[in-house]
Structures are given as C-alpha cells and as structure tokens.
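Order of writing sets the labels: A, B, C and D. Residues in every chain begin at 1.
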Amino acid sequence: MSNEDRISNWQLIKNGIFKENTIFRLVISLCPSIAVTNSVKNGFLLGVAVLFVQTMVNTTVAIFRKFIHPKIRIPIFMLIISGWVTVVDMVMAAYARAAYKEIGLYIQIIVAFASILARAEMFASKNRVCNAFFDGLGSGLGFLLALVLISFFRELLGRGSLWGFHIVQAKPMLIFILPAGGFLAVGLLMAFFNWIDMRFYGGKGAGGASGH
Amino acid sequence: MEKEFIKLFELFIAASIINNFVFTRFLGLCIFFGVSKKMETAIGMGITFTSVMVIAAALSWLMFTYVMVPFDLTFLKIVIFIGIVAAFVQAADTIMRKVSPGLYYKLGVYLALISTNCIIIAVPLINAEEHYNFLESLAFGLGSGIGFAISMTIMASIREKLELADVPGPFRGMPIAWITTALIALAFTGFAGLITL
Amino acid sequence: MEAIKKQHELVVSVSPHLKSEETTSRIMWTVSLSLLPAFISGAYFFGPRAVITTAICIITALLSERAFQKITNREDTISDGSAFLTGLLLGMNLPATVPFYIPIIGTVVAIVITKQLFGGLGYNIFNPALIGRAFVLITWPRAMTTWMKPDAAFMRFDAISAATPLGILKEEGLAKLLALFGDKLNLYTELLVGHRAGSIGETSVIALLLGAAFLVYKRYISLHIPLSFIGTVAVIAWLFGGKEGLFTGDPLIHIMSGGLMLGAFFMATDYVTCPSVKKGQIVFGIGCGLITMLIRLKGGYPEGVMFAILLMNCFTPLIDRNLRSKVFGFMKKEAK
Amino acid sequence: MTAKDIFKITANLVVIYVVGGLLLAFVYAKTSPIIFLKNKQEKEEALQKMMPNADKKGIIKLGDWYPHDKDAEYFVAKKDGKIIGYIVQTFAKGYSSYINILFSVGTDFRVKKIDILHSAETPGLGDEITLPYFKKRFRGKDLAHLKVVKKPSKEYIEAVTGATISSRAVTEDGVRKGLEFLIKALKKREVKHEQ
C-alpha cells in the first residue's frame, strides 16, 4: 500500500467514481440504490449523507490510525462510523425534514454499509490523512453519482418529473417508482455498463460477472 | 388476549411476506445477492440471520425501554444498537466455537458478515420507531428473519437453475440476478393490501 | 437398479423437457389452436377492439423476438410458435379497451425481459405472458381495471365500462352481484357462456373447457395442476367464502369467474415454468389455489390468479429440487 | 497481551468515547431544540390551515381519542373567544395503510376542509385521495352525506376511479366516524358542564 502514497489525489477521486464505483462495479451497499432512488431529490440527499460520512470517517480513522490498537480496530471503526451517522441523522432531521420522513431509516442504516467500513479498514487506516480524505471523497462521490443516475431514470420514467418538477406530459410508467421497477432499472443499468465495458474496453463485464 | 395474538400473527406475516425485507423494503441486498448463489449457503445464512435477528431485537428492546428511554438517550440509538449487535455477534461467535464446533463450522462463517448487514440493525431501529412492545418486537424480528430466509432460498434455487441458461453476455451474473429479483418483487406485489398495519 | 432408473427418468424430465424442435413447435401451435374457441367468444362479446388488441400483442411478440435474436446474433426461433402463443395469451389476458401502448409494452416486457434475457425458451423462470400482464397492471392500474361491458353487437367501437363479477363481489358483496344478474341460475349461465365483463379470453368457461379438453385428449397437458388448483379454490371458497361463517361460501362463482379457467388450464401448466414431477405439480396447483383465494378474499386485488401463478413460478425450482433431492437421499442409503 | 497493550486499548476507548460523546452531545444540543420546535410549528401550521379564520392562539386541544387503537387528538377553534368550529384528527383503515386524516367542521357540523397527513396507498390509484380534487369533494358535507358513491355526484362523495376502497376508508371510516365521535364527545362535555 505504501506506493499508493504516490497516487495523486485526483487519481484517488477518479478511482472512487469509476473504477471502484461502489454500486456498479463493487456491487456492495446496495440497499439504498433502490430504497431512496424513487426521486432524484431523495437519491441526492442520501448520496450527500454517504459522501459526508465516508469522508469524515476516512479522515478520522486516518488521524487516529497510529493510535488505534489493532486488536480492537474494527469495533473502534464501527463506533466512529455510528457517531458520524448519528450526526448526519440529527442534522437531516432538523434541516431536511420532508425528505427525512421518507429516507430517515435509510440514513440510519448507513451505519451498516460495508463500503464505508471497507474503505476505512483497507485504505484510511494505512494512509496519510490527506490521501484518506480524497479517497473518501472519491468513493462518496461515486456513490452519489450512482444514486443520482438511478434516480434520474426512475423519476423520469416513473413520475415524468425531475427533482419534483413535472417535465414530461405522458402517462408515467408507475412501476419504476415501485420496488420491482427499481430492481429492474438497476439491473438494466448494470447490464448497460457491462456492455460498455465489454464493447469498448474489452473487459469481461467485471462488476456484474464476478458476481459478489 | 385473542386480539393481541391476532395482532402478533399479522405482524409476523406482514414482516415475513407482505413487507418482505428484500422485495419491498430493499434491505439486506448485499447479502441477498452475495450469498444466494448456492442453496446450502442460502439456507445456512437464513438460519443464522433469523436467530440473530430475534435475539438482537430482544436485547435492543430491553436496552431501549429500560435504559435509553429513562435516561433520555434515544438520540444515541444508532451507536447503541450497532454496539449491541456487534457485541452479540462476537459473543455468539466465541460461544458457538466453544460449545458446538460442528454448528460453528457450518454457520460460523456467516456470523462475521452479519454485523455489517443492514437488516440486522434495521430491525431494532424499526422496532424503536414503531414503539412495538416486547412480544411485537420479537414477532417482527422473527418474521423479518424468516422472510429473509425465504427470499434467499427462492433466489438460490432460481440462480442454480439459471446457471444452465444461455444469458446474453452483458446480463450474465449480477444484472440478471437483479432482473430476476425485479420479477419476484413484481409477483410479491400481489400480496399488497393483504394486511393493514 | 430401480433407483438408477428413477434418477435417469428424472434427469430427462428436467425442464425444458421438449425433446426436439419439431415437438416444441407442434405443441405451441396446438395450444394456440386450442385457445381459438375462447378467443372467438371474446371477439364476439367485446367486439373488434378485442381482435385488434390481441393482434397487436401477437405482432409485437413476433417482431420483438426476431429483433432481439437479430441483435444478439442468435438463432431465429420464431417458427417454434412460442412467441405467437405468448402474444396470444397476453392479449387474451387484457381488457379489450386498453390504449394501444399497453399491449405493445406488455408484450416487449414478456418476450424480451422475461424470456429472452433468461436465455430463451426453456430457461425462463416466469410465465412470460403473466409477467407482461403484471407489469402493465401495476404500471397503468386504471386502464387495466377498466372493463368493457360485454355486448354481442359485433361492429361496435364505443364501450360502456362495467365491473367484473369478482370486483363486484369484493366491493359490494354477493347481494349486489345477484341483483345485477337476476338470480343465481342466471349468474351461473352467464358465467358459463362468458357474458360478463373481464379480460378478452377469460370470460367464457365453456369455450376454455373445450380447448382444455382438446389438449388433455392430445395429452399435451396433464390434469394434475388444473385439478389441484381448481379443487383448492373450490374448497377454500366453500370454507371461507361465505359471510355467514364456515361452509357457507359459493365455490361455483369463484371457479367460473375471474381468470381461473384460463390460468389453471393454459398458464399454470406451462411446461417450462411448472414443476416437472407429478407430486411437485400437485403442490404447485395447491399453492396456486391457496394464494388465489387468499388474494381474492383478503387481499387488495379482486383477482389473484395471475399473482398466484407467478408466485408459484418463483417456487418451481425449489419444488423441483426438493422432490428430486429426496430421491438422491434414498440412493445414498442404498449405497451404504 | 502486555500491560502496555491493555493501557493502549483502555486509552483508545476512553478517547473515542470522550471525543465521540462530546461531538454527539454538541450536535444533539444544537439540533434537538430545532427538531422539537419545527415539529410543534408544523403541527400548528397544519391546524391553522384547517381553520384559516381562527385566531393565532385560538386552536385549543380538547382531548385525545383512539380510532383503531391509535392516538389522535381533537381541537376547538375560536375567533375572538367565540367557537367557530372544530378540528379532528383521525385514522382510517385504507387499502394498504392506516390513513392519517385531519378535518375541520363548522359549528353546524358540516365539513370545511380535510387533509391527509400520512398514507401509503397504491401509487397511481389509491394515493389520489391526497390530491386536491378529491379533498374538495368533502366541502359542506354533513353526517348523512358522508357516503361514497361510484357515480358523479354533488350530493355524496364521488369515489376516486378505481380506488373505491381508499375513498371509502377516508370518507366512511375516517371523516364520518370522526364526526360521529366529535358530536358525541361534545354532548358529553355539555352534560358535564351543566352538572
């Protein structure tokens, strides 16, 4: 990991967004990808929450990385994560009330996101504060973008609107804001990214085909 | 008394089938997609999850009612619940290894995955949100666990069958699994409106 | 030896158990033919709109199957008749008056997503026509639950909307249903003939039975699923269907209304998506019956046949697997 | 495990808990009054919307009641000290959820306004009960006319097309029962006052 110190911060962000995109490439932390993506606004807000938590957790872990005893590092990471999630939860409850009523449970559940713990354990605990910060930023941004992309399709097709503004004057396809349509939209998007990967980059559709 | 029993039963059915964690609440998806490739693992996971969920529901209900509410600590519920789950999983791991190595060999591998899984933490959170009493919390935990086990078993059996299928390239693996889930979720919408909670 | 023979039989019967291309296409076309009486009855009661809707489904089915196979460079299997049958079944499951985009989108979902993405005929987990219907029902609930009043005037395009017998039973109760149809005997006759609101191909019980009898005679379908399915519905309707307590329900109304006949004989028996073992088929049929009645009596939708079959489709691999693994267990014991 | 290890682990935990505790306490202290205030404000606004005529502090809680075993409240609305109507919160058993309804009546017990606070009915069908066109149908209806019909009607409540169950829940299980309760509760109060 030591030579990764050399990787520029920009590279770290790009990695998080494309190569190691949490949802489409690593296929972890999937629950919110459907639960909150029935409107762009909800998707965006949860994405921001995750971005914040991921960045702060990474930074905190990196600051304390020499200090934390390796035997109890996982419980300590969990404590740090749950602390930051609580902060986000309370702030959202106070300032973004309408959205919080819909996505509150999923904000609290950020605490159990494998991706956040994984980033803290695999990257932040071994790297300098600055790098860890940008790594968290990149991975959080990747997550945010994925959520916005999914919710863009779902809200457009399912309600004929974007961010609550009505833009299409057709009968919307309700199914896309329902659970079944959410699974379908994510499945189709994943297949689309696999197709791009296979068609233009000669990959084997890594995110999908590896299947975990 | 009978009315209470019916309510518990309704809660159980609603949690396991109608508001199935995977198909309508979208929780536990990582595990659902990750572990539903083989039947044996799916069943083992289902059993482990159900028992952990029931016990976690009970422990956190006790904690919530007798410690957090009296001391006005409910704002710490995320921290405390994840702590309870993690501590319990750790304890279960140690105890199982000592008492029943056979069982540990079968189910122990899944235990490690549990504490970073959203459905385990979701159960106490929903229980606290809905102000369920002790028995209701247990019924909800049990129903959710069994519903999760059912959905994983179905999915595993379908995916084993799908291995033989000639799925078009880009859809192989994850995408087709998601589309399968979409179709199962579509079928599960038939249960909508069965029980109003 | 016995065990080995058994295992051998079972392996052969795992789906798709269609032995060759020729047999497949003959079965598909025969099943389509057997649906003809029900289709004619639908056309008679619901007029030209019924014919147009079904035709759109069939044409879209053939086109989308061809297009998909062209894009993915797959073998052209259009002549095996399975796309035609899916289109026909989906058309017969729609109300006659739906706007034209509904049959088109429904059929594309049925053919492309439900069948081709899973690897084509023989590998689909769900009945394509039913997924198509469920998809459009949830997407456009209002259009899909606006039924046309049946009338024998053939060249008629305007439609008066009416509720299905099951819809009336659910929302208004039996008394209202009887008031609308006169008396019970008249209700039975109308249901039997098919003079009621409903999907194009589901209304006429006689026509459907005619087609089913033909298939049974030809041995293309066995009676395990239909009988256990309808039997379960009858028993539950009799037990819990009545307002005055147990054993007061009227099973005949539940058997003859809704999509039960069409579903039990033509869709639940789909070779690919139902269990291959006889015992499994009975379990499948009973499960369908239970879920159908659960939804009809307690659920939100007035009709549950479609969801019941789809839900049991989910369980088909599980049923197949469990009833098969028992045989393996037996073998192990013998080997010891 | 050496003594140094034990010391380090203890120090770890202490620091994490102290820092975390301080941070959380700080955020909690900042946000909880806001959450509390906003909750109160939202409720007042919702009530005021039901009775725009009433004085700013003129909506007073009369008591609690328990439709479908859920906690609901009812209020009296005053203007210049004179009663101008009542507001009742109620729950109705809908198609797939309990619908949380707020409605206001004048002193003649005709409905003035209704609002759906929370519902989870089928999107595209049942959830149209939350749209203004349906809620408007309640205006001026009294107890006898809170009845759902499936045809266009000025006299009764016309159901949302294809969502009779939800419409009926709001009308008959919700508003009508709430109004019946209100009338009974007010009578009881009067009797008490006279004694």
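The criterion applied here is as follows: a contact is a pair of C-beta atoms (placed from the backbone, for glycine too) under 8 Å apart; a residue touches a chain by one contact, two chains touch by 3 or more.
Small disclaimer: the values here were computed from a predicted structure and weren't measured.
Asks: Please state which pair of chains has more C-beta contact pairs than any other pair.
Replies: That would be the chain pair A-B.
Asks: Averaging over Cα atoms per chain, report the distance between subunit C and subunit D in Å.
Replies: 43
Asks: Per the centroid of Cα atoms for each chain, what is the distance between subunit A and subunit B, given in Å?
Replies: Computed value for the inter-centroid distance: 22 Å.
Asks: Between subunit A and subunit C, tell me the centre distance in angstrom, where each centre is the average of that chain's C-alpha atoms.
Replies: 41
Asks: Can you check how far apart subunit A and subunit D are, centre to centre, with Cα atoms defining each centre and the answer in Å?
Replies: Between these chains, centre-to-centre, one finds 35 Å.
Asks: Could you pull out the residues of subunit D that touch at least 2 other chains?
Replies: Residues 20, 24, 28, 32, 95-96, 122, 124, 165.
Asks: So which bits of subunit C are touching at least two other chains?
Replies: Within subunit C, the residues that touch at least two other chains are 113, 135, 138, 140-141, 300.
Asks: Pull out every residue in subunit B that's touching 2 or more other chains.
Replies: As it turns out, subunit B has residues touching two or more other chains at 75-76, 79, 171, 176, 179, 183, 186, 189, 192-193.
Asks: Touch graph across the chains, line, ring, star, complete or other?
Replies: Here the contact pattern is complete, since every chain touches every other one.
Asks: Hey, which residues of subunit A end up touching subunit B in the complex?
Replies: Listed in rising order, the residues of subunit A that touch subunit B are 27-35, 75, 78-79, 82-83, 85-86, 89-90, 105, 108-109, 111-114, 117, 175, 178-184, 186-188, 190-192, 194-195, 198, 205, 207-212.
Asks: Can you tell me which positions in subunit D touch subunit C when the two form their complex?
Replies: 95-96, 122, 124-125, 161-162, 164-165
Asks: Would you mind writing out the residues of subunit A in touch with subunit C in their complex?
Replies: Within the complex, subunit A touches subunit C at residues 171, 173-175, 178, 180, 184.
Asks: Which of the residues in subunit D end up touching subunit B in this complex?
Replies: 20, 24, 28, 32, 93-98, 122, 165
Asks: Show me the residue ranges of subunit B that touch subunit C in the complex, using the header's touch definition.
Replies: Where subunit B meets subunit C, its residues are 39, 153-154, 157-158, 160-162, 164-168, 171, 176, 179-180, 183-184, 186-195.
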